[in-house]
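Going in written order, the chains are labelled A, B, C, D, E and F, and every chain counts its residues from 1.
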Amino acid sequence: MATRKLGFVIRSLPYKTEASRLALTHAISSQTVEIYLEDGDLVEPVVCYIGDGVLNCLKGQQAAKHYGVTSIEQHARNSLLLDLNVMICKEDLDKRGIPDNALVLDAEDIGGETAAKVVPYSEIQKVMESVDHLLFC
Amino acid sequence: MGKLTIGCFSSLVGSLSLDFAVKLSEAAVQKGHKVDLWLSGNGTMLAKKGQKAFKDYSHLAKKVQELLATGNFQITACEACAEARGYHKDEMAEGLKRFSMDWYLASTFSADRVLHIGGD
Amino acid sequence: MKLGVFVSDFRSGSDVLDRLTAEKLGIIFVGNGVYHATVKEEGKSCPVLDKQAHFYVLTEDLESRGFTAAQVDSRVKAVTYSDVVDLIFNDYEKAIWI
Amino acid sequence: MGKLTIGCFSSLVGSLSLDFAVKLSEAAVQKGHKVDLWLSGNGTMLAKKGQKAFKDYSHLAKKVQELLATGNFQITACEACAEARGYHKDEMAEGLKRFSMDWYLASTFSADRVLHIGGD
Amino acid sequence: MATRKLGFVIRSLPYKTEASRLALTHAISSQTVEIYLEDGDLVEPVVCYIGDGVLNCLKGQQAAKHYGVTSIEQHARNSLLLDLNVMICKEDLDKRGIPDNALVLDAEDIGGETAAKVVPYSEIQKVMESVDHLLFC
Amino acid sequence: MKLGVFVSDFRSGSDVLDRLTAEKLGIIFVGNGVYHATVKEEGKSCPVLDKQAHFYVLTEDLESRGFTAAQVDSRVKAVTYSDVVDLIFNDYEKAIWI
């Protein structure tokens, strides 16, 4: 019985590459990983947004309307619906003048119980140190 | 001897990141390590069979087959990423597997080291 | 020349843009270029907007990224794909993508 | 009414540049212009038939067919770029052509405007 | 009988994307474009390297040895062998401390007759103004 | 932590790199990251080399781009793919790619 922690650190802008979308879909896939593992073993992801990556968290993304693809906002909501541990770097939000109310911070309306946390970079650094593996993108 | 899991999302031709992933796998296997290579996003382009070798383009199909033959190398493509690009099951190169993304996470569970090449 | 420049990225291309000169210069923010028109850093708007040029931003790409036309810098005009076609054929002789 | 030639080297999924090229083509055709779309590099991914529509991924196949039906839109993929990725002639989506790169240059000869989307 | 001039302006680094390689192969394909055109009609490319793009012109690229792919140097030599008009921005070379003798400036050894020219940016600006279409990459 | 960072690009990633701290930090220049180890701009070597870290550059990627080990900044050690495997397994506990 063991738990391995994976730190997904999203530093890329949305849409120009698939990096942030795939980080979220991979993190979410932790929900079904048990089929490959022994009883009691777990993979626990934490998702951190830093740098330009914080722009993935903006509310109101209309990518589905204009391009017919799921928005990154929707993936972010799904990650919260599944109660993943999500952190957004406060300094990077402040630098870009993004207020908390512009962000996808919870998925309460669809049943998510865990909110994303806006935290100082030092908290994210601690996550990087505590996880077993780091996945930057 | 350890296990290295590499995830690569970069396209087959152009970025040379897939070339990096395959050459790093080769070097690791030669030193007695085990390697799992996970292809997602545009990285799934490597999984398509029938790639013609041209001098101007990366051609990794042969090296992948050599690595598979060692028995210490697995290569798996993301099923949805492949289908979205029109690579169906019968178009997969020999020896490559297809699974959903949780395969990658399971591979990292038992890995000593993970290298995630997450962009194009 | 009358040159229309599609700016498709946020963090690259400024070296090219800084040096470009044209009798009439249009800068059209598309893709992740739309952040130039919307994101202020340390309270300052993007330096590219100080260039002597006509600025446009593609509404579809703006909205896809969670912005509305109200959040766009006042120097930048929101346009649609249909408008972009007219810009290409009527307002600029050459178009480049950076 | 004019002719617009667009070259696009960007990958099918991820960058949205191919989406831009197709949507710009649509807007131009709707205004009565003619459009040639040239796919090279990773852009040739659009030429493969059998792409499955998923909500998470760009799916341009349908729009391309609608544009072809207008008669004012041509779409051609670079032959070598396609072969290097394992897209053979019988795997091409309907209505798309394959030529060598000089096709693109010939298209620019008679174009009023050219938009070259040259990177990933 | 007409000639249309195309300006390929290479600003990208080699290898990370196919941009510079494809710019050169497309420019070179002007040699066979006549099969699609009427007698006497021509497409004439000029290739300009600016910014980080000047790093495509370095001699001694061993991409074939290490990765089995043709080097960008080889494509640059081919463009000179076919006597394309090639210009490299002097200010961008100077900024990066790259001397002329580090560059692929001719393909004399394989029969090319036209050398690449190291020119100030102002010359490249003139080219941009004089061509019919501009193709940046 | 002991962290090995693969730096694969020339013009992006410095925002991430500037903030990273680690008990032992290794920076491995690969792909177009090799220009950090070889190109001086305005006569100055790349600021990333002033960071407190161990620096490596992948010989295969260096040579592919037309450089030799002799042109590499003296703070950077040229390594092969085989060496990189040992760095990953022996010298650093975590590896990231930026």
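One rule holds for everything that comes next: a residue touches a chain if its C-beta (ideal position, glycine included) is under 8 Å from a C-beta of that chain, and two chains touch if they have at least 3 such contacts.
None of these values were measured; they are calculated from a predicted model.
The chains in contact with chain D as well as with chain E are B, C. Greatest Cα centroid separation from chain B: this falls to C. Farthest from chain A in terms of Cα centroid separation is E.
Across the two candidate interfaces, C-E and E-F, the one carrying more C-beta contacts is E-F.
Between the CA-based centres of chain A and chain D the separation comes to 34 Å, rounded to the whole angstrom. Chain A and chain B, compared by their mean Cα positions, are separated by 25 Å. Per-chain Cα centroids separate chain A from chain F by 28 Å. Counting only residues that touch two or more partner chains, chain C has 8, 11, 31, 60-61, 94-97.
Residue positions 13-16, 41-42, 56-57, 59, 81, 113-114, 116, 118, 120 of chain D are each in touch with at least two other chains.
In chain A, the residues touching two or more other chains are 15-18, 25, 52, 67, 133-136.
Here the chains touching each other pair up as A-B, A-C, A-D, A-F, B-D, B-E, B-F, C-D, C-E, C-F, D-E, E-F.
The part of chain A that touches chain F in the complex is made up of residues 9, 11, 50-52, 121, 125, 128-129, 133-136. Across the complex, chain D is touched by residues 4, 6, 12, 17-19, 22-23, 25-26, 29-33, 35-37, 41, 43, 45, 132-137 of chain E. Interface residues of chain C, counted against chain E in their complex, comprise 1, 3, 15-16, 19, 21, 94-98. By the touch criterion stated above, chain B contacts chain E in their complex at residues 13-16, 19, 55-59.
Across the interface of their complex, chain C is touched by residues 11-12 of chain F.
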